[in-house]
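Multiple structures follow.
Shared between the two complexes below is chain A, which has chain B as its partner in the first and chain C in the second.
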Partner chain A sequence: MSEDIRTPIREFISAKFPQISLDDDEDILALGFVNSLFAMELVMFVERTFGVRVPNEQLKLDNFRTMNAMADLVRGLSESMRLSAG
Partner chain B sequence: MTHVGVVGAGVMGAGVAQNLAQCGHTVALVDRDPDAIKQALSGIETQCRMSRLLGGPEIDAEAVIGRISTDTDLLLLAEAEVVIENITENWELKRALYREMDPVVRPDAVFVANTSAIPITRLASLTKRPRQFVGVHFMNPVPMKPAVELIPGHHTSQAALERVRDLLSSMGKKAIDVNDACGFVSNRVLMLTVNEAAYLVHENVATAETVDEVFRSCFGHPMGPLETADLIGVDTILYSVEVLYEHYADSKYRPCPLLKHMTDAGLHGRKTGEGFYSYGPSATATGRSAAGGGTDRSPSHD
Partner chain C sequence: MTVPLTEAAGGTAADPGGVLDDVRGFAESEIAPHAEEWDQNERLPPKLLTRIGELGLWAPFLPAGLGGAGMTWATLGRVHEEIGRGCSSVRSFLTVHTMVTWTVQRWGTDGQRERWLPRLATGELLGAFCLTEPDSGSDASAAGTVAERVASGWVINGEKKWMTAGQVAGLLLVFCRTEGNMSAFLVPADTPGVEITPITGVMGTRASMLARIVLRDVTVGPDALVGPPGWAAATVMTGALDLGRYSVACGSVGILQACLDACVAYTSRRTVRDGRLSELQLIRRKISDMVVSGRAARLLCAEAGRLKDADDPATIMATWVAKYHASTAASAAASDAVQIHGANGFSAAYPAARLYRDAKVAEVIEGSTELQQLTIAEEAYREVAR
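Up next, the complex of A and B:
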């Protein structure tokens, strides 16, 4: 399931920054190309693509630092949505 | 706290409404287009939610939205103590609005024209309250910018000017006093720079990316002029240059045909997803923009 989450995110980032190739644990913020507007676009993309809403307390840069961090976040949010729905 | 009317729910009006509501003021937001209002509210909610991510304080988006009432009818402004007008930089549109709005708003209210170019004295002459008429040139994005140009018209009273200065101060804004002249200080310089930068792309001297790179790398500017144009809105840039051209009747303000072409084509910058650069999920599909220098990336904006 993690790969299902990582693939669209990776594609989204690659579309914006074709010159970057990302490892799952690479700190994208440390690469220097992520500014505040892109971080916001990334949140919107994740919410739209995976049908989740990131709660305020989770809206922090650490959750968007690596592909794995984003996959963990989405997995956690999807899980809690499933639990509350069922 | 002040009850403030905000007219126009575009990029600037939404930013002004958000800034006011974040600072505890109540806002009556009016736009004749219901979709613009919807979009403004959703944008404000997103901006508030993302505040922490952008290095700002945590903002209660629900509380901010709760302080904003909206309508397509100017009657919502009837009880406002200050009305801030933010509609398109077009003299005819502004003239029609002020004529319609002046009799509706209570007589002791102060009008604020948020304009980047049109002389305040000329706008004030459209109303029966030229003493209570002040110009403010807000910068974009409004909630994040620490300063504005504050411009009195010929007849503006000191009391009205100070009332607006106090309101700005409560919004976290430093007011820089500038005398009334078309374009004030900021846009006399900025709009000519953007217009000339567009000419460089138009004449194939350099791509948009190259022009911006010169400003960023050589001058140390955080953004180049064409990235700035995309943020402000290419259409807004064109209207501002046209206002300068019309007012001064000086050929140095002649608008670049590329700006007209892009405006006609809907390539208005970030707000439409494409301008000198492409934005959003369709970036790869869109490819190079009609501007000839467009590339698929988000310009730096820190």
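Up next, the complex of A and C:
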């Protein structure tokens, strides 16, 4: 499941920044290419691709810092959507 | 007289329910004929603001349940184009109101939505977007307004400048520094400590009722914070500026159309030694440039709108591209319009001078021409490296 989540995110980032190859735990913010514009694109991408809405309290840098952090975020949101739907 | 720039191609003229015809009729009969007077008086009449509310044009993008009409972004862009064709100051009001209202809808809590959206939807309450400061414009990260957390909520201190609609807005969306990062706050304009001073004598969008807004020990509750605390730069600010940029781009298409309308009408009447202006090839060259750049701008805006409606992140870059082209093309067309009108181009009896001044504003606000050039080129290098 985590790999399913990470794959499209990795593809989205590497389509934008082809020179960068990312480890799952690598801090993308430390690489210096994330400006507010790209961060917004990333949030939109995550919401659209996984059909989730990231609530304000989850919209923090730490949740978008690494592939694993984003995968955890999506998993958590999908889980809570499933629970509230069921 | 309206000279068709383009119609229908690529579905850009989609007009569910004929709303665009109504808006065009409104702009032609109730906005354009008064635009010079409002420009001279440096204000929009309250009656007009009420009328925009009656027509449901303040926030038609809100879902019906929240007081809107569920209008798509693509159609909203055309609405802002039509209004911008009549008067850029009115379009500026719609631009900032859209940015503030969308922020409440997108990032607000249930409580904030219930409290603010009904009155924002009708325009009973107008929004102002308060980011720029006397010493920070393009570089928003240099903003010095600070919100400090206290037991009862927040205390805000700082100074904002150049707020469109600031003289009449009831709700201010204020960007502040909080513990080193940026956060956004919804501040009612009548909160004690908010001091609003009109800015007059500006060159363009003279009726947009700009204000300087000083915040001195302004105390607001915890519910004033909107969006993620400390991460407003990448969320509230970038998202709202994206919509502002889209609205300005569409408004610039309206300026292009107004330039074309005015120039075709004028050159069809005016005669010089070598004949009617409309027959002269050097004039025709300018007219053809207006047609082509106007059509291109409208299609770029339509594409940005389509991507917004699909929640596609590519809309952000598409909007930069649309705004860069539309605003610079509007400036060029308005400059040609003044030239074509000769001395009359400098007179308030013709729209050319106002269009020229208003077009220049579009090159500075919501990301200046230079910032657009930097951003678009950066993306181009990335794309080529792909």
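Here is the rule we use: the second predicted complex is superposed on the first by the 86 of 86 C-alpha atoms of A that agree within 3 Å, B and C clash if a C-alpha of one lies under 4 Å from a C-alpha of the other, contacts with A are read in each partner's own complex, and residues count from 1 in each chain.
Quick note on the criterion: a residue touches a chain if its C-beta (ideal position, glycine included) is under 8 Å from a C-beta of that chain, and two chains touch if they have at least 3 such contacts.
The structure presented is a predicted model; accordingly, all values stated were derived computationally and were not measured.
Once both complexes are superposed on chain A, the partners chain B and chain C clash. Applying the stated contact rule after C-alpha superposition, one finds that A:M44 touches each of chain B and chain C. Of the two partner chains, both chain B and chain C are touched by A:N56. By the touch criterion defined above, A:S36 lies against chain B and chain C together after alignment on the C-alpha atoms of chain A. Comparing 6-14, 114-122, 150-158 or 276-284 from chain C against chain B in the aligned model shows that the clashing stretch is 114-122. Contacts of chain A with chain B, set against its contacts with chain C after fitting on chain A, overlap at residues 15-18, 36-37, 39-41, 43-45, 56, 59-61.
Chain contact summary for the complex, chain A toward chain B: residues 12, 15-18, 35-41, 43-45, 56, 59-61, 64.
Chain B contributes residues 46, 49-50, 52-55, 58, 61, 280-281, 283-284, 296-298, 300-302 to its touches with chain A in the complex. Within the complex formed with chain A, the residues of chain C that make contact are 107, 109, 227-231, 233-235, 237-239, 242, 311-313, 316, 375, 382, 385-386. Of all residues in chain A, those touching chain C in their complex are 15-19, 36-37, 39-45, 47-48, 56-57, 59-61.
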